[in-house]
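Look at the two complexes coming up: chain A is in both, with chain B in one and chain C in the other.
And then the complex of A and B:
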């Protein structure tokens, strides 16, 4: 597995140690994570949101919040890029269902890109692929969206 | 080299079957435990008195501290002062014998003057002082002061710096005065700071050591049960050699069975054989001697002595024999206490004493409302029957002797047959006792399937096929097993061949999961017929109905299995049917699982993580490293990691865990990785009953937009086997992934 994931494990390990301290006085890992912004960029009317290495409740909710923000600010399509995502859990996946709902309500298109094979199988097992298309990479995702969206754009954050 | 005998009646090498207990006493004497006392709770006639004497000899010959002191209450002790005096002299004599390293002094007829003369110079002052005080107290004429002084001898010796270990034999305690004295002696030993081993009848000894107001347990205790058949046989061989009595294998076996492997009774019989010069080489000789003993020998005197203590007046004793015999002859062998009291015609206090004495000697078992005669002892029943015929119905003695001899001779082959049946029985009570939610191949409980698939195959092939069998039965957890005969007298089977097992399905302690397994091993030379099978199904169903069992599982076992019609009937009744072969295979499987679990494994890893803060990632990384060691494919490793993460999340979300920890175990086996995830706390309301049999995620019926609750289903999809295991608190999920090339 990648070095980035090992770094995350080290972060978690420090979090485990920290939990020995009284709650609220040093739960550093959770705090640091909650402050990490979700990386996004805009390509025309399309917002590309980058999922983190572990899709769980916290990171899932951050993605959901960012997606809603993008839709409210006029994005006509969303691409969630899972290129960094090595592990997902069912809570994280269930939150993606909220993103699917939100984009359907805004009549926006939603595509998942760069999903590794294991995660793709999980999405399939959990029925997500009945509601969202998977693209090999961002280029393929944008190509699928091209007829409806403007190809020009720049990173939003 | 044979150990020298001091107080013991037989040589150490002839004293069989009690090595562990002997060691335990010596351990206590050596101060290797933190309890000051050891109580031996003895069934009647199991040789507890000899055990204490053997322990004394061992401690005496071992030397060093503490000084062993043995004292036995005798049934013939008449006065409290007499017992106290005997204790005092006994104590002093054994103390001096030990100090002088002269075992012959222990039981020599010595007076106090002799003892003073024999005391070592270092003990002279102590011994003289004790004797003088003794004489002074005796002359003063106050019995209670005198008794108190006698019992305080250990205290005076320990105060002079000597350690003492008491071996107190309470088996002979009979009356109320002796009981009080026994308690006072225990208290005196306690006050002296000495340690002790005390043996007594198991239904009495605790109350002899402590008053009813003292509920604290200061002592360790061990139970002395009857000898095993094997040890009893060895004891008979020793006794035969010692007394020069000829025996053979069948007669030795008969004696063991008939005397319930009781060392006391065996010894009595062999002493009688020695006196009458009877060789015990035929059943006829054995039974002649036995009947003589019953009618007027040692065995007779033993029971008569107890009954005389229980009921001193001849006329009321006769009534007691009548009541006992008639209760024993009844179907349930028991009667209400009220009816007994009425028939005996004694006042409440006297009645209570009688019932207590019968209970203590295990001639009867009393409860709050009923009294049940102990019919398990051949000897007691034979004695009672003879006494009833002689004393109550007034039959001629010659007739009673003759018919008893005839009956015991007729019974002998049955007694032996019963022993052979017991030895060849499958041990159902033990087997069901091992049921603990294991998953086992269903064909082991369905003879028709087993016969169709495995008949004629060798054990190895059958086991391979069973390993691959997809249809599994999850056994209940059986928490209590007993012979069916303990529930009903209407079950025509040996106790070990028909058992009742109470338990819970899925090991979940709820009303809904409560179940009773009724298991019987039926006799049939060929495949059991439909008629026999139906008869047993009806019997067991009747037992369930009469006992008020709401949910039952019938399991019939026949040596050669069941005929096709019988199998059909079993299937119709949703009952299980197995051949002996199937049960043996099941037994092997269950025991090997238990052995494995007990032995532990070298390739097993354990990990405890706190809940929350994404700690499941640490577990996931650990399991990845472990899975890599046996070359799981990357895809399978990802599946295991995801399943583990889901299990951790489930544990954290649903358990209301008090310690907020997740306990994990990873066990590598030849072809699989077994991951166990446990947490304390609340059991989720709905757990799947079977391994992976719930709906799968993503199925057509699934509402994929329901946001949560996918975890378990995901685990079931990702892993090959998923099972909730029974734990007392919280949940434990076991997940297995097989290694595929």
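And then the complex of A and C:
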């Protein structure tokens, strides 16, 4: 029989940032309280996930969960589109590191598209660009992925 | 923008965000998780953990973690001596380049550190005591942590340490507050039990009025609640009711138990009891206001013809006005050696005739309302009717009288009281 704690340990190993010892009333095991759906679409085996205007804790955690959900449901590549994102704070960076880890564990391709110049410099300075490719826009991202994945299909959702 | 400037701005933004997170005392878990995210995000660190050191158990418990490899255990025993060593380090400990003291610590826990695959250990220290540790893996850049990086990480970690420490203090304060509350409730219970014992002692002295003090307390409580008094004040007046006759303890037993109506001498002896009650109750620190005054003035009259001080109208404390009516009601509805208990209609007629002279109109009116609510079944409980007991059947017959009295008193009660008191 596995316990909730065992589940948490598994999540730690898989790279999800969790709180191991919830304290207080209504403590949630690493889940955001309110869930607003993340805009997503599928192009073949590729999931395109749209980040919000400010990538901080709540929006970031939603994106991380969506990325993991897409990988679990068979996506071979992820494109995170930052066209609406003006700012990424440290929590956002940490969450994107989690997405990078998850993609690597699933051997999935990961591309960040439509990143503004300020955020691109930040990603470069912090070393994210050593682990993920940046694309000018979605079309370029899909083109970069085309040789490896079946990204030519019609939008699925 | 130059990289250094951007690096600086990113660090400042992280510090600002961290300050906000630490201030979040509502949800410790979320505060810690977000602070940990900020720490990892400041340098794009791929994995790490925050652990809280439990001094009593000598154990480091990992509270939040990301990407740790092979974490078989989420806790690490740390002996007191090691905790002190870590606290005295005063800086981040690079696991690949440890000082001698730290080497000993790492050697003792090499299995754990080999398993978690981290590069840095930052002790969280507040007031020279180990609060916890932060474990950090490599940077996304793949570069080693520079001295400047370590300074920034230390500063960020210090914030997290203060956050954990504050949370602990808050928990301790809450725990102490709960203990104090329990202690206070316990003392209050002891006080109430003592008061009940006193009430029983008072009533035992007078064989004709057994249970009188407790009933007066309960009638007073019913009236005060109907008048909209707070729960605390209602509790207070119940206590005042229980103790209102405590001065009878110094009255000659033969007078109290006289089978006849009191003669002048006996009346004088008996009339000592309110002031005596005040003297007995005054030195005690009661948890409720005015208990001694309510005992002193429960034989005052609104028209100023009562005793011991001949107070009029509003000069009489509000609680004493209530106890006066409750006392009279119980006296009239219980058998006395010189007369049987009165029919309820006669009691109400007595109230009606003496409202504004002996009794305060607002108190009589509240009593009538409470009684009527019980008869009509709109009160939560039939407390007053239960106190009257089986000897009073068909209490509903007095409903019209109560209705009439309420109607008479509602509109002009205040003016009657004022005129009676000569205001």
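By our rule, the second predicted complex is superposed on the first by the 116 of 157 C-alpha atoms of A that agree within 3 Å, B and C clash if a C-alpha of one lies under 4 Å from a C-alpha of the other, contacts with A are read in each partner's own complex, and residues count from 1 in each chain.
As a working rule, a contact is a pair of C-beta atoms (placed from the backbone, for glycine too) under 8 Å apart; a residue touches a chain by one contact, two chains touch by 3 or more.
None of the values given here were measured: they were computed from a predicted structure.
*Asks:* After superposition on the shared chain, which partner residues are touched by A:54: those of chain B (first), chain C (second), both, or neither?
*Replies:* Touch partner of A:54: chain B, not chain C.
*Asks:* So, does A:115 touch the first partner chain B, the second partner chain C, both, or neither?
*Replies:* In the superposed model, A:115 contacts neither chain B nor chain C.
*Asks:* In the superposed arrangement, does A:130 touch chain B (first), chain C (second), both or neither?
*Replies:* Both partners, chain B and chain C.
*Asks:* Give me the intersection of chain A's contacts with chain B and its contacts with chain C, in residue numbers.
*Replies:* Residues 9, 12-13, 15-16, 18-19, 27, 30, 89-91, 93-95, 97-98, 100-101, 118, 122, 125-128, 130-131, which sit in both footprints.
*Asks:* Applying the document's contact rule, which stretches of chain C touch chain A when the two form their complex?
*Replies:* Residue list for chain C touching chain A: 1, 3, 6-7, 10, 13-14, 17, 27-29, 32-34, 36-47, 61-71, 74, 139-143.
*Asks:* Sort out for me which residues of chain A touch chain B in the complex.
*Replies:* 1, 8-9, 12-13, 15-16, 18-19, 27, 29-30, 54, 56, 87-91, 93-95, 97-98, 100-101, 117-118, 122, 124-128, 130-131
*Asks:* What does chain B use to touch chain A in their complex?
*Replies:* Residues of chain B touching chain A: 609-610, 612-618, 620-621, 624, 635, 638-639, 641-642, 645-646, 649, 696-698, 702, 704-705, 707-708, 710-711, 714, 717.
*Asks:* Report the residues of chain A in contact with chain C in the complex, numbered from low to high.
*Replies:* Going through chain A, the ones touching chain C are 5, 9, 12-13, 15-24, 27, 30, 57, 89-95, 97-98, 100-101, 118, 121-122, 125-128, 130-131.
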